[in-house]
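The same subunit A turns up in both complexes below, where it pairs with subunit B and then with subunit C.
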Partner chain A sequence: MLNYLLFIATMGGLYGLLALSLNLIWGGAGMVNLGLAGFFAVGAYASALLTTTGHAPILAGWALALIAGGLAGLVVTLSTTRLREDYLAIVTLGFAEVVRLVAANEIWLTRGTDGISGIPGPWKAALGTDFNPVYLVIVLAVLGVVFVLVRRIDRSPYGRVLRAIREDAQVAQVAGKPVLRFKAETFALSAAIAGLAGALYAHFMSYIAPDLFLPLITIYIFLAVAGGGTGRPAGALVGAYLLMLLLESARFIVELIPAISAVQRAALKELLIAVVLILVLRLAPGGLMPERIPAAPRPQTQGKP
Partner chain B sequence: MTRIAFGRRAALLTGAAAFAAPAVLRAQSDPIKIATLTPLTGAGGPYGPVMAKVAASVVEEVNGAGGVLGRKVQLLSEDDQTNPDAGVRAARKLIDVDKVAAIIGTWASSVTTAVAPLCWESKTFLCTVSGADSITQLPHQGFLIRTQPNSTLQVARSGEFMLSLGARKIYTMIPQTPFTQATIDLMGKLVSKAGGTHQGLVYDDKKTTYRTEVDQVLRTNPDMIFAAGYTTDTVVLLKDIYRAGYKGKIIGFGYSINQKLIDQIGQPEVVEGVYTYSPSPAEGSTAFERVKKATGLANPDPYTCQVYDHANLVLLAMAEAKAATGVAIKDNIRKVAQGGGTTVDNAVDGLKAIAAGQKVDYTGASGPCDFDDKGDIIDCKFRYEQIKGGKITLVKVA
Partner chain C sequence: MTKLLDLKDLRRAFYGLDVLRGVDFSVAAGGITGLIGPNGAGKTTLFNVVSGLVPPDAGSIWFDGQEIGGLAPDKVSRAGLVRTFQVARGFPKLSVFQHLMLYGRDQPGETLWQAVLGSRAARDREAALAERAWEIARFLRLDGLIDNPAMALSGGQKKLLEIGRALMAEPKLVLLDEPTAGVNPTLRNEIGERLLELPRRGISVLLIEHDMGFIAELCDPVIVMAEGRVLAEGGFEAVRNDPQVREAYLGRRAA
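Moving on, here comes the complex of A and B:
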């Protein structure tokens, strides 16, 4: 039981990282990134390949995942500078599918649909059964650092510019803000976080395959962020953990219902998850922890003669 | 203050003891837990539900006859959603919370590869129907067997059959899977050895039409098409091949071209004359008849037959070992699966024979079920069939 809880907590942490990444770009700058699974995959593959085929240390893999995710993010933003909203969403969704198809078909590099197995975990052999708690600590530490970082951005003048761009990019431009630079930087940072999450995921599971990076995971994270509270890092984080809790507890709830077949139980589980998510969005449209926009600071000269 | 603290701690301890004590007493009569992990939703959705159902029927029969080692058997069924991520979460729950001794029926190769390390690390036995060659090459320490012949064997047999039908210009149409490249290479070797020509085309299995792919293939005028996909994509593919006016022969795997596919296409002329083949039980096998009865299907697919065998083998191995753990199954499964002795085709008869001190040799619905050291099946017959007038008719078993 304990191992299972540790496992779920770790998975929740990884989903939390993805949620923070999405919240930064979607909640912050208002750019709909449906390609989250693609950046997640880029990071996972970069780190897995460097540490298995390249025999590099795991930390190098994680660093590469950050860089690879960030670069992929830059490429996507710079090639979509004129797209907004739905159109950007379509292109990013396409990007994720391209990544998945490349992973499935470029067998010489990615081992195709066989996937990459035997990805090393940090000190896995030495730790034995203690691997799960140690990895949870690593994930939580990374999550903590990223959380502090994005919250810092959220509350800084930089975050205010992002929100201005979200509300009306033209106005921000008129106010003299370099909108494109802000968008590109934020998108790259968000993609880098998703890439890092992918690397942490790969070394935790020890196996990755193209099937892992279907758009479903992007949808899950969108639900987590929307349910938790768009535009607020803490909301995204809470949303991710609640989503994981919901996904897993549904399993135990449907087991309590007697005299139904396994298929009905599986269908009921999906139904239950959907109903809860609909209820959350219906009853709390801004999410469980809605965005709080701090009042603009008063000019310091006020009140002085 | 300290006294109160002590009181609390003592109360806690007593409470914990009260919970723990019956657990210890109960251990002897606790049910033995095994689990199916099949795709109940997602791409494998057409296969998984009946797989779970047939495993439940085996467990029900065994419980009706008194269980295993004097304990009832409890079957849990989780959904892997045909997705490795969901599969791993479900497997973790089965292993850590339910503490099952064995997981049976993993279907997609990617799910099996993701779940396998969890199983061998926690000494849980895993039986799979995935065909990718790489699966039995994992460092599984004996905690894995598979009843599906690996793809090399399957493809070699189908190639030989195509050549025996007189085909010389063969085109393989296959989605991207772990065995795609191996299939194309192997077919190429087989066909060119027989003096024919072979070409392969890899398609994306999530497309809604294959007209361009079909046009590309028909341009070379093949006399046989090997449609090596799964049911969902093959339905679309066969329709497009028919529309393009192709007159040659078509063959595909039994797990894809089956009654379900005929029903889904709904036009008998589209599938008229199409060949299908699958691993088969030896002729006169009674286990296959039992699977038909348990599922109510006239033509249960190979995966269902294999899961029937998984459930029986796992239960027999526990009885042979007189212990209900993954390690016990690992050490004893080959003793009940092969090596001569009383031939049995179901767990109830086998359990009686083991109780009477006999050596049993299980012969199942999917074949003789004999395994080599890596966990692959050793020998396997194939059943070749052809669709005539919307019905699947037997050509030969060889």
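Moving on, here comes the complex of A and C:
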């Protein structure tokens, strides 16, 4: 039971990272990334390959995942700059599918649908049964660092420009802001965070395969961010953990219903999740923690430090 | 009299329709220049071309000693030429304060690494801009609404905020597209009064307006456009009595 809770807490942390990643661009700059699972996969594969086939240390794998995710994000945004904004969503969706299909078919590199097994975990042999709690601490530490980072961006002049771009990119440009630079940087950073989450996932599970990176993950993260509150890092984080809680508890709830088949149970679980999200958005349209407008600093209280 | 903005033979067509058919005029530094003309004369298109939203087909735009024709809008803006929109456009969910702060120039905190790490330069600039934003908000009597999102402002308050944004940006020239459109007469007078502050702060103004009283009070000189060209230029009285202008506005028979 303890291991199960640790598993949920760790997965919740990884979803939390993905939610922060999505919130940065979606809540921040109004860009939609339907290919989150693809960037997640890029990071997972980059780190897994470097540490298994490449025999590199795990930290090097994580660093590569960050870089690979960021570069992939940069390529995707820069290739869509001449298109209208909704096309970014379509391109990212396509990107995730391409990543999955490449992983499934470039067997020489990714071992295809067999997946990559034996991905090393940090100090796994020495820790034995303590591996899970230690890994949870690592994930939470990374989550904490990323949270502080995105919240600082959120509250900075940089974040203000991102919001302006979200509201009206053309007016932001007329206000003198190089919109493309802001979009490309933010998207790359967001994709790098997703890549890092992928790497953390790979070394936690010790096994990855193409069908672990289905678009459903992306949808879940959208639910988490929308339910928790777009435009607010804390909301995204709360949303991710609530989603995890919901996904897991739905499993137990449907078990209680007698006389239905396993397939029906699975369908019912999805239905339950949908109903909860609709209720949340009906009762709290801005999510559980809606975006707040920061108060202007009052001049009287503005003492010199 | 130095020419701040100098347009030469500016042309732009949309779908084969010539909207700007060789516009020539210049705006002197230090005053409020009016741009009038009947609907469809090409005034707003001219603003779009000058501010970089729409590239010109031909002709040149000289601003403050450099050619800006075809530059991206953010570069035009950073060169010191800021515009507003006919229907006040802003960022609905950003507060009055955030709007003003956004228009501040040279913000070190707008680079990613300084946003994350924080820097003394970024903090100092932010504090200086905040002080200015408060001062401008008080001047426009928007200080009571400073934390309100723009979507909660009335049409007139949005127009005032546009002036505030222009003040905040400290441009050399601001293009105002109908600053009093849809505004009641009391607020109209207030906007006019506030506008006079712009040249006092070294900001020249080129404004489109349909309210002739407003033009007569504030603008000198006045440029009249019709059918994609400049029809007349000069003081308001002279322009008003120009037979060509009367014809353009009222039709041949009435003139």
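Everything that follows uses one rule, which is that the second predicted complex is superposed on the first by the 291 of 305 C-alpha atoms of A that agree within 3 Å, B and C clash if a C-alpha of one lies under 4 Å from a C-alpha of the other, contacts with A are read in each partner's own complex, and residues count from 1 in each chain.
Convention: a contact is a pair of C-beta atoms (placed from the backbone, for glycine too) under 8 Å apart; a residue touches a chain by one contact, two chains touch by 3 or more.
Everything quoted here is computed from the prediction, not taken from an experiment.
Undergrad: Give one word, clash or fit, describing how subunit B and subunit C relate on subunit A after superposing.
TA: They fit: once the shared chain is superposed, the two partners occupy separate space.
Undergrad: Identify the partner contact of A:D86: answer first if only subunit B is touched, second if only subunit C is, both if each is, neither if none is.
TA: After superposition on chain A, A:D86 lies in contact with neither partner.
Undergrad: Quick check for you: in the superposed arrangement, does A:R152 touch first (subunit B), second (subunit C), both or neither?
TA: In the superposition, A:R152 contacts subunit C only.
Undergrad: Go through the superposed model and pick first if A:D130 touches only subunit B, second if only subunit C, both, or neither.
TA: Neither partner.
Undergrad: Looking at the overlay, does A:V179 come into contact with subunit B only (first), subunit C only (second), both, or neither?
TA: second
Undergrad: Considering only the touch criterion stated at the top, classify A:E167 as touching first (subunit B), second (subunit C), both, or neither.
TA: second
Undergrad: Between the C-alpha centres of subunit B and subunit C, what angle is subtended at subunit A's, in steps of 10°?
TA: 150
Undergrad: Which partner does A:E106 reach: the first (subunit B), the second (subunit C), both, or neither?
TA: Neither subunit B nor subunit C is touched by A:E106.
Undergrad: For A:D114, is the partner it touches subunit B (first), subunit C (second), both, or none of the two (neither)?
TA: Only subunit B; A:D114 stays clear of subunit C.
Undergrad: Least CA distance subunit B-subunit C after superposition, rounded to whole Å?
TA: It is 33 Å, taken between the nearest C-alpha atoms.
Undergrad: Considering each complex separately, which residues of subunit A are in contact with subunit B in the first and with subunit C in the second?
TA: none
Undergrad: Could you please specify the touching residues of subunit A with respect to subunit B in the complex?
TA: Contacts found on subunit A: 1-4, 7-8, 11, 101, 104-105, 107, 112-115, 117-118, 205-207, 209-212, 214, 216-217, 247-248, 251, 261-263, 265-267, 269-270.
Undergrad: For a test of understanding, state which residues of subunit B touch subunit A in their complex under the given definition.
TA: Listed in rising order, the residues are 36, 38, 40-41, 48-49, 52-53, 56, 77-79, 82-85, 88-90, 92-93, 95-97, 108-111, 113-114, 117, 132, 134, 138-139, 176-178, 180-181, 202, 204.
Undergrad: In their shared complex, at which residues does subunit A touch subunit C?
TA: So the residues of subunit A in touch with subunit C come to 149, 152-153, 156-161, 163-164, 167-168, 170-179, 185-186, 189, 291, 293-297, 299, 302.
Undergrad: Quick check on the complex: what are the subunit C residues that touch subunit A?
TA: Against subunit A, subunit C makes touches at 51, 53, 72-74, 77-78, 82-83, 85, 89-95, 97-98, 101-103, 105, 107, 109-112, 114-116, 118, 122, 126-127, 130-131, 133-134, 146-147, 149, 165, 169.
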